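Below are two complexes that have chain A in common, paired first with chain B and then with chain C.
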Partner chain A sequence: MRTSATPRSLGWLLLPALLVLALFLGSVVLLFLNAFWTKDGVSLVYFRQIVERPDYHEVFLRTVSISVVVALASAVLAYPIAWLLWRLPRWRNLLLVVVLVPWLVSLVVRTYGWLVILGPKGFLNEALRWLGAIQSPLPLIFNDLGVVIGLTHVLMPFSVIATLSVLLQIDTRLEEASESLGASGLATWRRVVLPLSLPGVFTGIGITFLTSMGAIVTPILLGGIRQKMAGTQIYQEVVYNFNMNKASAWALCLLLLSGLGLMLLRALESALVPKADR
Partner chain B sequence: MKRGSISVAGVGKEFGTTTVLNEVDLAIEGGSFVTLLGPSGCGKTTLLRLIAGFLEPSRGAIAIDGAAMQGVPPRRRPIGMVFQNLALFPHLDVFENVAYGLKVRGTPAADIAGPVSRFLGLVGLAGFERRRIGQLSGGQKQRVALARSLVLEPAILLLDEPLSALDLQLRRQLQVELKSIQRQLATTFVFVTHDQEEATLLSDTIVVMDGGRVQQVGTPGEIYRRPASPFVARFVGDINMLPGRIVSLDATSAEIEIGGSRLRLPLTAVIGKERAGASCEIACRPEAIAVQPSSTGSFSFAARVAALHRLGPMLKVTFDTVHGPLTGLMMANAPAAELAENQPVELSIAPQSLTVFANP
Partner chain C sequence: MNAPLIKLGRAGSFALLFFLPAPILVIAATSFAAAGYLRFPPGELSLRWYLEAATDPRWVEAFLTSLGIAGIVAVLATAIAFTGTYAGHRLKPRWLPAFELVVMSPLFFPHAALGVALVNVLALTGHLGTAGGIVAAHVVVTLPFAWRPIAVAMARIDGEIMEAASLLGADERRLALGIALPLARSGLVTALLFTFIISFDEVTVTMFLTGPQVTTLPVQIYAFIQENASPVLAAISTATVVVTLVVVMLLERLIGLEFFVAHDPA
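== the complex of A and B ==
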């Protein structure tokens, strides 16, 4: 039932939304056009490059594997934090602020923080050397490990929030019921809480995987010079080589890979997570 | 002694500065159907959760079959629990829900299917093994919750208002089944409800609670006929309360004045601190009011029919009297029930059906 007729004159309120939509769709169309329509006419030259050049295969492979590792590491590290936040309702707000406070600091600053800690003359290496545990500094940074550490740090809060939001929907009486049926705390977690919280874990994996597929700043600052990810390659094509056609082709491939990854994740989720009726 | 006896001795419970239970003493016989009855906030659910072990008492002790329960977690107590919202595991099907307790106890897989199907049969859900919880009706969920607890054959089953979400008809049906299952298994059932009819229908023993205290313990009949306090009288069944005064007392009887009439009642019918001159409330069940000329010794007075309500075979009549409005209940086919509104009548009440509560 319509409670009141929508005045036609209010239609202009839709304008900002339409504008955003138009810009978004426009840029996607431009991306497609740019990818196929080069200055020599319609051409698949950049796609052929990606298919044929082994160094480019390596970039995409690195992008996918780093993203998978980051997504899994975020999920595993975020779960206990989310669980604690769920278990300690009194402390939930405070702890949530602690989890989210890094987001108040610029991404660049946060990443530089890792330089200070992990660099060859950084805190960790100096401490280990002082303890006599190592002779020469460990290569913790300017390689894939550095990128994984940096991205996991940046993206983990997404996993915490995704997991927590699902944990908060679990009826605490289910735990009591489990306990009244003879289950220990651990058994209750394994048989009730974990299966019911898996959808949140999967959501977190999806978010962190997609975000790290497109990462630029962290791989530039913490990665190796030659160890590019797709995002840094696109950045380089746009900013240094002004090759919009190549950048667009790369972006489309990245989009395709991300979509494939997401579909795989969905398939995995429906195979692993029992359907819970609410 | 039968398995499943519970002793509650001097138990009190505080949440912060709020006292929820006050020095509760209670002995529950093994194998009986006991109802904790009271209005919301009376402490009945708290008492149930104390017995289950989800809460520890602030004072006093709880023992099950003679074994002290202090510090014993719920999973080590010989109890099962049916929750108000049932708390069925939404990610498991009916079979897996019922098998849950056996699985966590490490029962070999071969020994699980037998008990599960036996108890699903007991609650009338044979053939529903592979249904998802979301595909079940309210009554079926109820039965799954019951089977899930009973399959472990606990000495005591605690039920926290499990039927309150169901419609009346289904509720009545499940009450009958619940009672018959309890009789078959001889498990102690401790059932929490705020519905006095439900309590009366199901229980061997009713524990009436209010304000964190046990008000009365007794069979449904005792509680109906001889309520221990005005609260119990009002809470269990319909009741008329007439204001009166205790005129005089002797060793065995009391003389009571109600609206100008005087009655002599045995002292056993007077509850509370009786003293001559005290004001009191006289409780009278609706069915004790008869429309007939006075016979000797009965308490009678003139009245006028104010309203008539037919309740199936019964007739509920509201009378205007010198004592205020009174509700009477009689068989609709009784000759005396030939009543019309505004008709003047003579009412009489047998004195032995009255209970007198002396005001403090």
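== the complex of A and C ==
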């Protein structure tokens, strides 16, 4: 809307937002400066320190593979929840609370919950021992399994929300048409609902992959000291080694890998989801 | 589809749904156990961990710091998003989509990378380990979450109302604060509550920025888990869950939760 005389002075109202953006963009510029700039000018020395370490290759590999597993697991596990909320419109608001509260509760608290459940003397091991199912506690945390369980749970609500928001856009007449033409409920889901909801599933995979790539708290608490991920490595460089140059180079490597992952996902989505559906 | 299969699918979906709050419920249960851990059969109940938390100045201070920071961040992010979206809505510059893309861009940063980036800039200005630095960082992180609901509410305002008010002699100040502000209030309330709770519960970026002078509740919980996993942590964690629950219920009462699953009209 443009009222007859829209004063240019309104532009000043953008200033606060510009300041916030300047802070953000400034921090990104410094990230590049710290990663590339040395006393002797532009150099790749900090990147070489990372690329030349075989143990770091393992860290990157673990970060990417855990993030892929977590993103796929949360997409698959979240789908039935989204479907349930979509099919129960009358209960949707109440059930949304059950999804949103765990999503918004601090992830350190949710991770702590998994520590209490999965730890060697945790809820699950004690329950299994009480039932006589096990003699010694199962190693459920301080390994990759613990990290995958924790991260998947932490990120699942994202996938539920992304999938549900697309399901809610589906024209219910499409379903009715499919069923009146004789398709079973399962066939309708497979051939009508699932293809239409795939864009939401892909959005969820993208967000959860990205968040998992940058996770720190859950990998440290549930993975232990040896199961390093890129985020934990970055945190260590900043907080214990005070090496901002190396940390910045790490962060740029992480950004690059995440960006590549998202681009690959986009390509996969274009291949799998017909254009008309998007 | 045959009925038993549907029932099975539904039961399975419900089981997955209640898997989401499971760790929170386990913590809440632990926080009331006198023994400090869950056992079989359950032992005596007690409020001793809550008492211990409430009488420990470290926890009280971190709790108040987090509430204060979250309150300031919510007001700042909402005000910045309101002025920004209002100017964007009125002026409609050609570069607005590009500008909004930059506003949203922190969302595409893995949090570990965003943390390092913000450490760089706050170390330069000398705000590392200060409440001001944490507030500034949280505004960067939460602005996208304030911007979206307000922009959506702003787009729904009937342009003719603004036109009429302008013709009847309302000045710019009146148009912004007397017309647009109340008409966009659903977006403003959503933004306030949403950014409050994100800031209150944020840990991954914040853990880079705290220092000996100031720390937030989630970061302190993290530090204590690593040092000594005392059952006091369960009581503190339950307190943060209650704060989160209250904010979500407020949002549900005042605005409704559809916003989270609604698609932008834009």
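One rule holds in what follows: the second predicted complex is superposed on the first by the 269 of 278 C-alpha atoms of A that agree within 3 Å, B and C clash if a C-alpha of one lies under 4 Å from a C-alpha of the other, contacts with A are read in each partner's own complex, and residues count from 1 in each chain.
Keep this in mind: a contact is a pair of C-beta atoms (placed from the backbone, for glycine too) under 8 Å apart; a residue touches a chain by one contact, two chains touch by 3 or more.
These figures come from a predicted structure and were not determined experimentally.
With chain A as the common reference for superposition, the partners chain B and chain C occupy compatible, non-clashing space.
In the superposition on chain A, A:Val192 contacts chain B only, with no contact to chain C. By the touch criterion defined above, A:Leu95 lies against chain C but remains apart from chain B after alignment on the C-alpha atoms of chain A.
Shared-chain residue A:Ser184: touches chain B and chain C both.
When the two complexes are overlaid on their common chain A, residue A:Ile117 makes contact with chain C while staying clear of chain B. Of the two partner chains placed by superposition, A:Glu58 touches none, neither chain B nor chain C. In the superposed pair of complexes, A:Leu174 makes contact with chain B only, with no contact to chain C.
Looking at the superposed arrangement, the partner reaching more residues of chain A, out of chain B and chain C, is C.
Least inter-chain distance for chain B and chain C in the combined superposition, rounded to the nearest angstrom, is 10, based on C-alpha atoms. Shared contact residues on chain A (touching chain B in one structure, chain C in the other): 184. Here chain A touches chain B in the complex through residues 171, 173-174, 176-184, 187, 191-192, 195-196, 274-278, going by the rule given at the top. Chain contact summary for the complex, chain C toward chain A: residues 1, 5-6, 9-10, 12-14, 16-24, 26-27, 30, 37-40, 79-81, 83-84, 86-92, 99, 102-103, 105-106, 108-121, 123-124, 136, 139-140, 143, 159, 162-163, 166-167, 172, 175-176, 197-198, 200-204, 207-208, 217-219, 221-222, 225-226, 229, 233-234, 237, 240-241, 244-245, 247-249, 252, 256-257, 260-263.
On the chain A side of its complex with chain C, the touching residues are 1-7, 9-14, 16-17, 20-21, 23-28, 30-31, 34, 77-78, 80-81, 83-84, 93, 95-102, 104-110, 112-117, 121, 123, 126-127, 130, 153, 156-157, 161, 164-166, 168-169, 184-186, 210-211, 213-217, 220-221, 230-231, 234-235, 238-239, 244, 247-248, 250-252, 254-255, 258, 262.
Interface residues of chain B facing chain A in the complex, by the touch rule stated above, are 52, 54, 73-75, 79-81, 83, 85, 87-92, 100-101, 103-105, 132-135, 148-149, 152.
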